[in-house]
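Letters A, B, C, D, E and F mark the chains in the order given here, with residues in each chain numbered from 1 onward.
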Amino acid sequence: MDTDIKKIMHVMRRAPHGSIYTYEGLEMILIMAAYEQDLSLVFIGDGIYALKKNQDTTGIGIKGFSRTFMALDGYDVEKLYVDRQSLEERGLTEDDLVVDVEVMDASEIGRLMTEQDVVIHH
Amino acid sequence: MLHTINKSPFENNTFTTCVRFLQPGDPILFIEDGVYAVQDGNRFGALIQSMLKKNNPVYALKPDIDARGISAVADGVRMVDYAGFVDLVEEHQVNSWL
Amino acid sequence: MNIGILLKEGPYNHQASDTAYKFAEAAIAKGHKVDAVFLYNDGVTNVTKLGDPPQDDRNVAARWSELAKKNDFKVLACIAASKRRGINDDVLIDGSEITGLGTLTDIAIRNDRLLTFGD
Amino acid sequence: MDTDIKKIMHVMRRAPHGSIYTYEGLEMILIMAAYEQDLSLVFIGDGIYALKKNQDTTGIGIKGFSRTFMALDGYDVEKLYVDRQSLEERGLTEDDLVVDVEVMDASEIGRLMTEQDVVIHH
Amino acid sequence: MLHTINKSPFENNTFTTCVRFLQPGDPILFIEDGVYAVQDGNRFGALIQSMLKKNNPVYALKPDIDARGISAVADGVRMVDYAGFVDLVEEHQVNSWL
Amino acid sequence: MNIGILLKEGPYNHQASDTAYKFAEAAIAKGHKVDAVFLYNDGVTNVTKLGDPPQDDRNVAARWSELAKKNDFKVLACIAASKRRGINDDVLIDGSEITGLGTLTDIAIRNDRLLTFGD
């Protein structure tokens, strides 16, 4: 493996629309995707809500961005992990999400975290 | 007095704190990320029902519900748009729990 | 009903400014009077004309400016909060002014409601 | 009672120093105090920490302001209420605070809230 | 991996969320409003002790402790200054839970 | 150790900028290299020279400027985040520049650590 390739994990933790963190986080990820690093996205807590289907932001006058997650595949960003407990606590299942994700236990995600060179929370 | 809550109850204690201060009849309005509290079937359902039983009407801002893709809300929760928000403010003094 | 609005967060980063705007619009549409919008904490950054958001996004500062001019109210930025955050007379949008917290007190006193929006 | 006098309640809910809300809230209160309205301050949740004795902010390089609460008395701002549960949950007592306060139950504070013309959370 | 927490655990769930992801041996450092977690005698004491038992060292940033007037911290919590924070970062990759 | 810093909140409103500054100072004092400070979200407002805080308070922008110049690094503001928030070349302190997220990626790749400070 090329030693110049870094493992960079983006952790989405906030609900969409109430603040800009997830949206600007996604903008960061799209740029980083062009650099051919080993990128992964993890959705923990309210971060999962960013992936909820059927978001219609017309009424609040803010541009929606849930569909942008679907574009990640085209950038070869394929590691999307969702924390099982966060998903279950919110009464959601994988079917409620706009993209395919891998649902994992916290201990497994925690182990992946320790393998990273960089972890950025959004 | 109308109480508004704009934080997700999953990450932040604002909602559960506010409830301790509610007076009989006080309505509560969930806006922004606060609307996740009324998503049907989550763990805050019991708290919502107990508020309704104590005659504290529960409202949620529909544009915020729609923006977050919440398809079903807990029984008894009433939806308002911004005009309905204005009507509630006309009826009550306001306490915005930030 | 006469309404004062206190806005405590800047544009884009939090939804507060959007909700305050939508509320003000709806109140005006129903025939109520918006007396003033007072900006505090990071809220003072709502009135910088230096903002240049993407074409397909809302322009928060321009939107406040238009609503204020059309409905004859001011968007007022607290001077102490503005100085901390680099907001001064040179960067203000039309329809906004820098003023003191005494003005907020007057707004609180003379209106039927003072509504707070923030984080 | 002069009908021009308004009841204005300031609710302090944030810990000091991590954010500026309590400090700028206090600046607002000091100005409002000159207008001879019926002002009260309520400390709920982490807001109580703003009153903690022995804060020494030298190390973080931020100006401390807990002593400014002592000045409120000189402005005839004498209604300082603390939520009992918030105080107890934090393992604090009135002796830990820089000013004299009235410790009240939430129901009592909630009743006072409904009497206000204006409530501002900081 | 060093985990940092900067939110008060009384108002926000960041600390309790982070704990679920901790790996054996991972140190945790409380900074800013996060330091209220290690105030002696509060309800997070049991969680702190269980972390220490699982060999997760617990640190708190002394300048933030002092700024908040916290006079006593839970047993086993180690104090560091900014230089000590740098040393921890030198030993570990960092995971800042905002 | 070579360090990159990612700062996600503006000055004064949150402690993030203060903690990042104190950390950078301490790292430099111990002989480590601060490669760059990258500003994102509201963090871009750390580098406006229009700020005018009270005389007895710290001047966050000036402090970053001095630390950067003395230690030969740049404080870099993301261009997209800056445009939203009214930060442009005309208001920048010395030692700061507006740049793209590609630069942040380079910083993440070439340093031993990338530390995030925010809310």
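The rule we apply is simple: a residue touches a chain if its C-beta (ideal position, glycine included) is under 8 Å from a C-beta of that chain, and two chains touch if they have at least 3 such contacts.
Model, not experiment: these values are computed from the prediction.
Hop across touching chains from subunit A and tell me the fewest hops that reach subunit C.
When the steps are counted carefully, the minimum from subunit A to subunit C is 1.
Which chains does subunit C share as contact partners with subunit E?
Correct list: A, B, D, F.
Expressed in ° and rounded to a multiple of 5, what is the rotation angle of the C-alpha superposition of subunit B on subunit E?
To map subunit B onto subunit E, rotate by about 180 degrees.
Going by average Cα coordinates, which chain is farthest removed from subunit E?
Here the answer is chain C, farthest from subunit E.
Tell me which chain's centre, taken as the mean of its C-alpha atoms, is farthest from subunit B.
Taking each chain's C-alpha mean as its centre, the farthest from subunit B is F.
Can you work out the whole-Å distance between the CA centroids of subunit B and subunit C?
Centre-to-centre distance between subunit B and subunit C: 25 Å.
With chain centres taken as the means of their Cα atoms, state the distance from subunit D to subunit F in Å.
Roughly 33 Å separates the two chain centres.
In angstrom, rounded to a whole number, how far apart do the mean CA points of subunit D and subunit E lie?
Each chain reduced to its C-alpha mean, subunit D and subunit E end up 28 Å apart.
Do you know which subunit A residues sit against two or more other chains?
Answer for subunit A, listing residues that touch two or more other chains: 13, 17-20, 45, 60, 62, 117-118, 121.
Can you list the subunit F residues in contact with two or more other chains?
8, 12-13, 15, 19, 22, 41, 57, 80, 114, 116, 118-119
Could you pull out the residues of subunit B that touch at least 2 other chains?
6, 10-11, 13, 32-33, 63, 81, 93-94, 96, 98
Where do chains touch, given as pairs?
According to the stated criterion, the contacting chain pairs are A-B, A-C, A-E, A-F, B-C, B-D, B-E, C-D, C-F, D-E, D-F, E-F.
Please give the residue numbers of subunit D that touch subunit B in the complex, ascending.
It comes out as residues 13, 44-45, 85, 106-107, 109-111, 113-114, 116-119, 121.
Any idea which subunit C residues touch subunit B in the complex?
Residue positions touching the partner: 1, 3, 8, 15-16, 19, 22-23, 25-27, 29-30, 32, 113-119.
Which subunit C residues qualify as touching subunit D in the complex?
6, 8, 40-41, 80-81, 100-102, 104-105, 108-109, 114, 116, 118
Okay, in this complex, where on subunit E does subunit A touch?
Per the stated touch rule, the residues are 1, 13, 17, 20-23, 26, 93-98.
Quick check on the complex: what are the subunit A residues that touch subunit F?
4, 6, 8, 20-21, 24, 27-28, 31-32, 34-35, 37, 117-118, 120-121
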